[in-house]
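In this document, chain identifiers A, B, C and D correspond to the written order of the chains, with residue numbering beginning at 1 in each.
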Amino acid sequence: MKVKIKSEFDLIPEEGWRRKIYEVVYLSETRAGKIFDIILLILILTSTVLLMVETIPIIRLQYHKEFYYIEFFITLIFTAEYFLRIICVKDRDEYIFSPLGIIDFLSIVPFYISLFFPVWHFVGIIRMLRILRIFRIFNLADYMHDGKFIVSALRHSSRKIYIFLLFMVIFIVIIGALMYVIEGGKNGFSSIPQSVYWAVVTITTVGYGDISPGTPLGKILSIVVMLCGYSIIAVPTGIVTSEFRRQRKNHIVCNRCGNDDNDDNARYCKICGEKII
Amino acid sequence: MKVKIKSEFDLIPEEGWRRKIYEVVYLSETRAGKIFDIILLILILTSTVLLMVETIPIIRLQYHKEFYYIEFFITLIFTAEYFLRIICVKDRDEYIFSPLGIIDFLSIVPFYISLFFPVWHFVGIIRMLRILRIFRIFNLADYMHDGKFIVSALRHSSRKIYIFLLFMVIFIVIIGALMYVIEGGKNGFSSIPQSVYWAVVTITTVGYGDISPGTPLGKILSIVVMLCGYSIIAVPTGIVTSEFRRQRKNHIVCNRCGNDDNDDNARYCKICGEKII
Amino acid sequence: MKVKIKSEFDLIPEEGWRRKIYEVVYLSETRAGKIFDIILLILILTSTVLLMVETIPIIRLQYHKEFYYIEFFITLIFTAEYFLRIICVKDRDEYIFSPLGIIDFLSIVPFYISLFFPVWHFVGIIRMLRILRIFRIFNLADYMHDGKFIVSALRHSSRKIYIFLLFMVIFIVIIGALMYVIEGGKNGFSSIPQSVYWAVVTITTVGYGDISPGTPLGKILSIVVMLCGYSIIAVPTGIVTSEFRRQRKNHIVCNRCGNDDNDDNARYCKICGEKII
Amino acid sequence: MKVKIKSEFDLIPEEGWRRKIYEVVYLSETRAGKIFDIILLILILTSTVLLMVETIPIIRLQYHKEFYYIEFFITLIFTAEYFLRIICVKDRDEYIFSPLGIIDFLSIVPFYISLFFPVWHFVGIIRMLRILRIFRIFNLADYMHDGKFIVSALRHSSRKIYIFLLFMVIFIVIIGALMYVIEGGKNGFSSIPQSVYWAVVTITTVGYGDISPGTPLGKILSIVVMLCGYSIIAVPTGIVTSEFRRQRKNHIVCNRCGNDDNDDNARYCKICGEKII
């Protein structure tokens, strides 16, 4: 369950004004640091909600300008913050190419690009990812631990899930081609890609109903596909659940041979037989 | 697996008429108490069904008055019962601010408010929660224990589920924004909130079909989202299932051989036969 | 994992023609018995398929008479078989009131009633349950064992599932009432029962789309309901999965105290400490 | 967890040009073998994508000829490859009747048949199965192992799933007949097969919405069916999950203390420290 985390303490400048800024911008132990973080969180949330609400036609018509100025203002603050972070950190590359650093960068760039290419405007929604800072701000160590637990369980079961998805994709394409032939290009099954879309909608049990079989034979095949999907849905669940269980066990390290795969109820190391204390 | 339950015996008045009323109203050991409880249950069910059926246009037209009078009558009984409960209990605050006390209060208040603000009428459906008394009435100790088991398992896994939902929300908003850009505001994706609604409908595999992608690129993204949702649905199941298992067993450690896999009702270690203290 | 099964050997008549008929009708060890069983199975399947296909308008118009005669003929055979079973069995009540006996009875009665009340015609589909005889016919002991395993696991987890459904029903009715108020009786939410129907369709992730929220507030509530449903769906899975695991373990009976709840890897009885051989 | 795999080494010809071709066509250890395999993979993917995209009406109109020639060309290569494989292998029948051999054959035949019967054209999509060679090409031993793990877990739980599906089918047909009678042949429930289709769509939580109940009684039955389906969906998950767990561990029994919970890679008993032989 090891997840590599960059220790932030290597990044702290020794002293001077840079250290003071660092404490405000990066840490949240001082009063100023806490206030800074909370203001940041409010700005992130405001900015995300604005970007979303702004697209509602009726609101855009009325408040277009106001929204634009607020966004402009928030992006300016984020930009200032980004440069502050770069200035006050000890090892710049370490921050800039860290996941959080990349997210910080991506949360300001789209706005500036959108000045020239308006389509880029909505890419700014990526700044929502900054919400993940919430864990640091409120010192949610327990939550962070659980988050890592979930990510780790998913990562360990990813190989099985990839294979499962490969089987699924092959199955889905074949079913899609079959339905295209059976329905004869009608009832929305106008091409194989379209039929494949239908097959995915069906097997994942989403079932929009924008395409649904019209011929008796198509319905019979659908029934088979649905019952298959119903049984197959158990597979990813089984994979992840059994991984969750495995993760749960706290393995004990043997002092002599260093084997770290002993069960938590082991009294003797299973590799070298040493008594475990 | 500890769920704090208010012991009801602290609330029993020592003697006199209040004790007699208490026995009828709160307990169901006497014949009068049982009859009282069953009448109450019938009134709760009648009242809930009435409130629901009353909204069917064709029925409202014909039986509006009759329904109103029955509801009025039942609410009066509930009100009387509420005051009886307050009067005969020893520690009033203990009852009034207990979950059941609050439900009892909320089941009568909406009716009186609705005399002035008709919209509040349907808030009365909250009285349905009183059905939970069914466990006490029929002395369903086993069922109650299982209910607590489920609640406890959910509570213990709630932190992991919150984090999972946070990841989901971020994923959903980004997918929503992406679909809004891809579909260009058409096919029902008229704004980002609307697209987010679509993303939730899709990932949870509900799939109403009131909004569904129209462009080829939108359909391809949908396919990816659906297959993701299909794999991700395994996560809450994995979380809850592994919690259910953990809840199930309280293992006891043997002092001699250290085997910690003894059931919680074991009297001798199953591996070495040592008596368990 | 005890499922009470009626031993069929108490029902065998000692000798004479009744015993011979018994061997053909009830058992499938002789050649005649096997042929009888297979013919029966074919008739059951034919009859079920006919009843289904018969309802397709285009087929009913053309083959109404033919279908009627075949069904009449099959029902006559089933009737004859039913009386044969009654005649040749030793303890008649034992057969008549056994599950299989009741199914046999229910598979012929609807046809005769339908002569007078045509609506009863389709109740005959119940004869499909006779397919369950397939296990006996092909001596599918392993399959039967697995079937009992599933039934037993469901029965053991039924109490938890009932409670879960009770919670669900309360949640669903409250959500339904809320949506009725929010949508103001429009967009298909014409009454609370209708809204409750929508809530069930949504939480179970079926999502027909015949009713879907139209107002922004309704959509926001839907999002919350769907995400809840997504997390809650894990509960029945967790219940059944952990029951499946528990069932799997083969408990060992102690020779001294008779405790039958020892784990299959126990070396000493956990209740009395006796060594298990 | 034994899955019978044909050892490919029995098929290698001892020496000469056949051995050289064998190394290129079957193995991927030499440089030529690797290049051959990667070209093959690209051709398989191209061919599959072409077959799918070709069915989009707008593309077919414009590029029909080009697509035809490319497919013709790729099929020729596949045919040449197929004969090469037959020529250079030691035991021809071994290859021809192996799963991969049959897939190779099926991936070329439909094209030739389609020259006379155009409908067969799309059966060619079966060549997609050749993607499974990807495991060999990239030497994905870990992935292959996980793939076998999934297949093995499904195979071991297949018997339980068959029985579960049998129960489901009986339940579905009875519900279908019931809905046909209740809805009186209206609202899309025009025949029992149609109603059965609806029942499958509902219980598997796909929920297209092309058929949905219109009468109050039909909606009430739907609610019951959906809540049942919601609880029942847990069964295949429970079956597969508990099988996944069982597959995971091969426990070893300690000869001294009898602890049978040692991992399959243990060398000393984790409880008593005894060496495991």
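The rule is simple: a residue touches a chain if its C-beta (ideal position, glycine included) is under 8 Å from a C-beta of that chain, and two chains touch if they have at least 3 such contacts.
Which protein is which chain? UniProt says A, B, C, D = Voltage-gated potassium channel.
In this text the structure is predicted, and so the values were computed from the model without any measurement.
If you match contact pairs by residue number, which of A-C, A-D or B-D shares over half of them with C-D?
A-D
Interface overlap for subunit B and subunit D, more than half of numbers shared or less than half: same or different?
same
Using CA atom averages as chain centres, what separation in Å is found between subunit B and subunit D?
Computed from C-alpha means, the inter-chain centre distance equals 41 Å.
For subunit B and subunit C, let me know how many angstrom lie between their CA-based centres, rounded off.
Subunit B and subunit C have C-alpha centres separated by 29 Å.
Going by the contact rule already set, what residues in subunit B reach two or more other chains?
164, 193-194, 196, 205-209, 233, 237, 239, 241, 245, 257-259, 261, 271-272
Show which residues of subunit D lie in contact with subunit A when the two form their complex.
These residues of subunit D touch subunit A: 48, 51-57, 119, 122, 125-126, 128-129, 131-132, 142-143, 146-147, 149-150, 153-154, 161, 164-165, 168, 193-194, 196-197, 200-201, 203-210, 233, 236-237, 239-241, 243-245, 248, 261-263, 265-273, 275.
Please name which positions on subunit D make contact with subunit C in the complex.
Those residues of subunit D that touch subunit C are 159-160, 162-164, 166-167, 170, 173-174, 176-177, 180-181, 185, 190-194, 196, 202, 205-209, 212, 216, 219, 222-223, 226-227, 229-231, 233-235, 237-239, 241-242, 245-246, 257-261.
Residues of subunit A touching subunit C in their complex?
205-209, 237, 241
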